[in-house]
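Structures follow.
In the two assemblies presented below, chain A is common to both, partnered first by chain B and then by chain C.
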Partner chain A sequence: MDWLEDELRRALSRQDPPDGFAERVLARSRPVAFPARRWVAAAAMVVVAAGAAGAWREHRGNQAKQELLLAVRLASVPVHRVQSQIRGISQ
Partner chain B sequence: MPIEAVEAGCDFRALVRQHQAMVFSIALHFLRDRASAEEVAQEVFFSLHRNLRQIESPAHAAAWLRKVAVQRSIDEGRRRSRRPQVALEDVAEPAARFTPGDPLLSDLLRRLVATLPEAPRMVMVLRYQEDLEPSEIATVLEMPVATVKSHLQRSLAMLRGKLERRGVGESGWTG
Partner chain C sequence: MKSILILACLAALPVTAAPQQFQLNLDAVAAKASEHVDVSLSASTLQFAAKFLDGNDPDEAKVKKLVAGIDGIYVRHFEFKSEKAWSQADLEPVRAQLRGPEWSKIVGVSSSEDGENVDVWLRTSGNKTIGVAIIATEPKEVTVVNIAGTIDLETLSELGGHFGVPKVKAPEKPQKPE
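Right after this comes the complex of A and B.
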């Protein structure tokens, strides 16, 4: 065997990586778990958000209905007065 | 090794422990920088973790890791090539004669190998670290066997010449 090749095998022999290398690799390779508690919390938030959106829509609907009735009532007052005056004249 | 077993975390753990020295050393001897070598080695194992389904046997795992370690090391070397490199002239002259197995001679050889161009450097690492035959190196590096042999011969001649000029050689062992 050639002396230089012997020395090269010695010089380029395998070396262990720094301490804790395997642990670092395994720690970073582990999939990120999403615990059941987080799923429950996420589902609850979706339900609450959907309920809040429904309640808001109902509130806005009622508010619009009240505004319409008020407008109709205000508009109807002069008509009633005119009608009663007309009735008085005709009698 | 069945795929189901390979996919289990314990087997990935076993592959990491079994091959960490091989992967780390390929990067270390090619890049000559421990921090970069550890980064490359970690990337190689993350890549293995993502591709565990492709692995068919322990021998396949070893060959896969070696090939990916070689590719990642070359990529990292090219990325670093924009930064200043160690030139051959910067390799210090030995202060005294060496004896066989001298750690200082090993260090000098590693530094001289680090001055080789990319392809012959990786050929030398695979030949003398991994003890691969030229045909196996040709497969890993996807180059003709004749090219591998040519790189080996030229690199050995260059190293021999540099060492002899520094007074290191078969005749210099007795010091």
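Right after this comes the complex of A and C.
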């Protein structure tokens, strides 16, 4: 029985895997991303970024518009007073 | 080559930047004010803001037309809790600059009834008006304005009649009895 035991021991003995085996197994075990999903995600990000940029531009624009209207109001009211007084005097 | 480019950029800067035409050094007034409005709009900000004005609104359409020739608007407005909180001496640093040869005072109106004073200066280059300075004071308010660029004062005045202040109609002349 010694020869049988020797054969079994040899057959079942621990052996190191070939080089790169672990990497190949890991690479195959990764789920393959569906390419269309990547495109959809990228497109969604672009849409969100463009929307955010547009909203920010709108916000800044309205802020600048309010500042402009305030500046024109503060500048125009004294000029109007002067003109009204001059017209009143001349008439 | 690099230094030439830098020099060219520096030389172009005063033309493109179009800064305010006098220093709004009003620290003495600001220190006494209870409310303070500070608006500084450069040419690029003005053009950006003008894009958001509603052309269908008559007033906003006028503002849009008005800012087309303007290179900058700089406004300082102060409000005070009491009437003697500020003095004319506090405005002297600004008035001193407006006594320079490039500025001409075109009108000064003062009302003894309500204590309102408005002075308007124009800055000219050759025959062209390139700026306006306004100092308007009331017992509890001070407003100093510099508008750089070409401005239509008539349109500005019209807008003043719409913004919060009712248009003052000139008194009608009494008709002669027939």
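In the analysis below, the second predicted complex is superposed on the first by the 53 of 91 C-alpha atoms of A that agree within 3 Å, B and C clash if a C-alpha of one lies under 4 Å from a C-alpha of the other, contacts with A are read in each partner's own complex, and residues count from 1 in each chain.
Note that a contact is a pair of C-beta atoms (placed from the backbone, for glycine too) under 8 Å apart; a residue touches a chain by one contact, two chains touch by 3 or more.
None of these values were measured; they are calculated from a predicted model.
**Student:** Identify the partner contact of A:Pro18: answer first if only chain B is touched, second if only chain C is, both if each is, neither if none is.
**Tutor:** A:Pro18 contacts chain B only, not chain C.
**Student:** With the two structures laid over each other on chain A, which partner does A:Arg10 touch: chain B (first), chain C (second), both, or neither?
**Tutor:** first
**Student:** Where does A:Ala49 make contact in the superposed view: on chain B (first), on chain C (second), on both, or on neither?
**Tutor:** Neither partner.
**Student:** Which partner does A:Ala41 reach: the first (chain B), the second (chain C), both, or neither?
**Tutor:** Once the two structures are laid over each other on A, A:Ala41 reaches no partner at all.
**Student:** Between chain B (first) and chain C (second), which, if any, makes contact with A:Arg28: first, second, both or neither?
**Tutor:** A:Arg28: touches chain B, not chain C.
**Student:** Contact residues on chain A for chain B in the complex?
**Tutor:** 2-18, 21-22, 24-26, 28-30
**Student:** For the complex, give me every residue of chain B touching chain A.
**Tutor:** My answer: residues 9, 12-13, 16-17, 20-22, 24-25, 28-29, 34, 37-38, 41-42, 45-46, 49, 100-101, 105-107, 109-110, 113, 124-125, 128-129, 131, 156, 159-160, 163, 169-170, 173.
**Student:** Per the contact definition, I'd like the list of chain A residues that touch chain C in the complex.
**Tutor:** 58, 60-62, 64-65, 67-88, 91
**Student:** Within their complex, state which residues of chain C touch chain A.
**Tutor:** 37, 39, 41, 45-46, 48-53, 60, 63, 66-67, 73, 75, 77, 107, 109, 111, 116, 118, 120, 132, 134, 136, 143, 145, 147, 153, 156-161, 163-165, 167-168, 170-171, 173
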